[in-house]
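Each remark here refers to the structure printed beneath this line.
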């Protein structure tokens, strides 16, 4: 009997090996790559063809990504295509989740994958595999670091990252006034590519003499976790008695910091600003805890992403530098090299909206 | 010769021994208090305001949630079980209570707490039923429900968070409410509630018949059965209590953070087990106090908050230190236990000079 | 019931479930059949299944190791930190593997030599080693490993099988042989059933447990390194929550949580079931969290169902064999598993 | 004081477990103030009877009347309500609770709130009526077995028990503790409590019992006032055969010394043990349970190594460090505790036999050769006449006697020079017992040196060439076969003059 047991294990193992070694490569699907117009010509993306796709957010626990998906669905309806399947890992820390979804997408033979990369290079093998299978891979919100080298066709950037630093510096100046004062940054995670780029950019912007009275005393990380961010915000206040402002370039961090200040009755003393979601921030903006913050529209970002992806997947747009296209209600865009990466292409969606008590309720 | 005969009045578990016998729990609590004091003093050398009222408030507010969870966890561990699902129960109750308050802004504080406790208790009931009547080990059940409850929440929430603006105004003000103030030192309402929970449970476990039965069931399940104790209902009750307290903690979580994501409270299960074990609750069941667990929770919160404010040490040391603390707690527990066993063996020898050492001798080896 | 059915009942049941899952998957998703999908299914969880194999040893031995996912992260972090500090890469890999073994040895010391319950020791390890990983990499993501290393984790090595998959296939066969066909394996069962009996039979119980716990740490460390290779980078939260899947695979495989029983064939079958359920749900576009919830249900059922079945069976058929003139103790208590009939046997002798 | 009279009357009790008729038409009356001894071999049905009375099993047939009223006892709680309590060999205490709590823990009527001070007071007074002085606030984990048993009796008193069932309560007690226990029991009966007393020690039974009932094979064989029963008669009733049938020892000649033990001791456990065993000799180790006999064996087997004295095995000094080490040097130890230390119940008959010697059955690749294992197991199955459905049958499905023989096979297979048998016939039926004795005799004849630890004095006397008697951790005498008498050994073992 023991003998049988071992035998069984061996046979099971062998069967798997043989199954794996035999059989040919599964053919990749993908949209027909028709003759696309070259760079310079403006293409108006038009519907008609169907495109199956997967729309992958960093995580499903953040409402901004739902807004992005709403935009993507809107675009799909305009184009008469089936809306992309919205699948994401439960938390932004779940790298394997995105890899699994990307890998499954290959198996499912979809035409396109739109991803907001929640890690760094970890996604690249899977992305490459997807492209090899003929799938159009477009990143949005957060790019795939190696860009075209890892199968990415295009990155749809929400804003020009260079602009972010300046917007944040301006808000700080606005809130603290000419006399300036101490402020600290509460970021997401230390390896969050977007946030790091923005912080770096802000530090560069601060070199400008007009911000000379603004003193950045510390940068801490709340891991995009409400509780951690809350504790970090309070720790900042304790550590720097003269602190006047917490700048949080993350929607989770800014809300948690504002909540912490409100809970501890510190709103008059320490202000909160950064990038926030209006629906999260209404209360704090109106009660003065976070009088001013900024964000772009995630709905538009999703909308644009879908349009661009559809254009590439259906062959209407070629993912090359200089290609121009018109994306529905958002107008014209030109594909350009991404200055933040070695071999990546991008389009930049557009400006920030700065929210104050005047417009926050509309947001 | 014989020490228990009518002719001899020598006490077997003599008064000296009694002090030693009951002492471990008290000793544990005292030494924890001492460690806490030393830690506060040590941290006060490292960063300025460790002795300030503000820091006191930070620690006490952040300990409130873990202390309540640790109290519930203690009840479960006393019965020789463990509840790893509390983190998810906190998340579910915080979310659902937030949702309820969003829909019923007029519901008062007590109704809201009632909802949270009820939901938590129901989830605890599921755990308890599977453990007590399904006879699945608690570690398996609660590892499973940890995942299941969280999954249910994620499905239910459909990636919508509970945000502060949907919640009634009074909830916003709750975290700042103080019961008592001594200058800068506030006793916040949440902390007061946590202390109240601990005191009530401590008394209940010490003075209620069912409380003592919980210890009895954990101490010797076979004997409990033979004594006709309702072991299964007791186990069920322990899990319901733990679930209900996790529900209360969920409410506290909601009022403290305002924003509730579907991952709210994850990781708290480990913190609660850690607090209980560090606080001297024996994982073998039958011994430990809620008060000790509370001290464990205080020590952990103190470390958490201090590490955040100590630039020299990264806050990433937190978990490593926590792991070491648990190990130290368990090891201390066992060393005490071993000493007790040895003393037992000795007393048996002194009673009967070599009699019945057959078993005792082996366990020492 | 014939002898073979009694002996292999659980495995047969698993095989039936597996077939059911496969049929369901095929009907749920048209993409399911395909070699690449089979490979992907394994490749996506390769670290878990490798650790599940050693976890079977730990649980058969009557212990549990909750720390495996954290040890994975710890050893991967050692690899990353050393690499980032400029150490030769081979050295970093060696150190990472050693780290896993030492972490296992460390916990094994408390379990085997001090006699502390593994549940608590490894719970402390679950928190502590994760903490150690975070100390090393903080919240960064450290990557930029040598090309060959990334390829090892990502690309097929032989045919379409990656290094990790080959390792698993060879590993589970070797593990099955060790568990079922060597004196060491036999002693694991006896220790898991009753360590006193083992000790009184001349088996060095403490050393055996130490070996098993150390191996568990080592394999977890190896899995951590493989994970680093597959992802091309290391973060402190690597592998978080893996213990759920791993323990489910082992318990569903019919290994008793109380030790002393279970087969590697069962574990292999349950690995296939768990993987295919996850894969099928993923292809049918169920969210990842749903998959986790399903695994949670599976974990509880894998212990609950045998309990209920054996209780039912016992009610109908009071204790087999020439057993009890004095009968079994009341069966209304205690987590007895799958017809292990300890209680009624106790009564054979007064 | 209650009026004496029948407290419990059981009539026509029957209970069947599958193929086994555990109890058949047993009727029994227990009177208040009477100590009723229940005797019987293992498997005679004593435990089943107790379990029916305490509500753990339900009888298939028969009725129980308590104070003349039909009683439906379905659970321990029911039994408690009817004033029935049981005390077992291993006291069932709660180590983490204190003495007073242990006494009162089962009380349901004492209200929801524990009133500690009252509880301590009452606990003290109950213990005082038993003549026991214990600190009621001490944790029970610090108590000796005897003290724990006193707590159990106090518990019974506190429950106002009317029928106390004592299942081998003296097995783990020293002689003095036993006499104290008996004092406590007599205190109880004076207050009108009925006691059902179960023991394997006849002398105890005849010391304390008012009435002696014997069960055999689930049937009631006899039930008489003590004065009308003799030990011989009781034994005959229990076994249904003459005593002389049991013990066989053929003519033989002892050879050279194999094992020499000098001044062996272990701090605080035992000391000053000196003996030698020769080839073909059986050395009996007699003494009361707990006199240190097993400790000597554990020291020789390396479980709890000695820290004094020396051991010489086959001309070479030996300091056994571990069981593995002792085994390699040719010592085998058959434990008294078959279930906890002897056999791995879910493992097969074959694996249990080859467990200590597994490394012998490996092939070139160091894999187990199961055919070789089975061959060995089969040989022992035939040689020791072990009844097992198959070689792969888990031993948990064998009967006690066959399990015992399996254990013997396991150790014989190590081909020891010295075989230590610790209570080898404990808890097995008469037939199996005789077979084991025959095996011991054959082994000795084949030249093995055997140390036989047994609490069964006739067994020790019949089987041993010499008998070493221990008392309270010390060696108090060695008797050669011709000089050894029951009286002499008992006197030495009990230290009584």
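Think of it as A, B, C and D in the order they're written, each chain with its own count starting at 1.
FYI, a contact is a pair of C-beta atoms (placed from the backbone, for glycine too) under 8 Å apart; a residue touches a chain by one contact, two chains touch by 3 or more.
Quick caveat: nothing in here was measured; it's all calculated off a predicted structure.
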- At the largest C-alpha centroid distance from chain C we find chain D
- Note on the structure: Of all chains shown, the one whose Cα mean is least distant from the combined Cα mean is C
- Message: How many angstrom lie between the centres of chain B and chain C, each centre taken as the mean Cα position?
- Response: 29
- Query: Rounded to the nearest whole Å, what is the centre-to-centre distance of chain C and chain D, using the mean of the C-alpha atoms as each centre?
  - Reply: 41
- Between chain D and chain A, distance of the C-alpha-averaged centres to the nearest whole Å: 73
- Distance-wise, how many Å sit between the C-alpha centres of chain B and chain D, to the nearest whole number? 42
- Please list all residues of chain A that touch 2 or more other chains. 1-2, 60, 90
- Item | Where chain B touches two or more other chains at once, by residue number | 154, 225
- Give me the residues of chain D that touch two or more other chains. 303, 368, 392
- Note on the structure: In their shared complex, chain D is touched by residues of chain B numbered 1-2, 4-6, 8-15, 17-18, 21-22, 206-213, 215-216, 218-220, 222-229, 282, 285-287, 340-341, 343-344, 346-349, 351-358, 361-362, 364-365
- As the complex stands, chain A meets chain C at residues 1-2, 5-6, 8-10, 12-13, 16-17, 19-23, 25-26, 60, 85, 87-90, 93-97, 99-101, 103-104, 106-109, 119-122, 124-125, 189-191, 221, 223
- Contact footprint of chain B on chain C as seen in their complex: 64, 110, 114-117, 119-121, 123-132, 134-135, 138-139, 236, 243-244, 247, 251, 257, 287, 289-290, 292-297, 299-300, 303-304, 307-308, 311, 330, 332-336
- Message: Which residues of chain B touch chain C once you look at their complex with the stated criterion?
- Response: 82, 130, 134-137, 139-141, 143-148, 150-152, 154-155, 221, 225, 231-232, 270, 273-274, 277, 283-284, 314, 316-324, 326-327, 330-331, 334
- Query: In their complex, what parts of chain C are in touch with chain D?
  - Reply: 3, 177, 181-183, 186-187, 189-190, 193-194, 196-204, 260-261, 317-327, 329-330, 340-342, 345-350
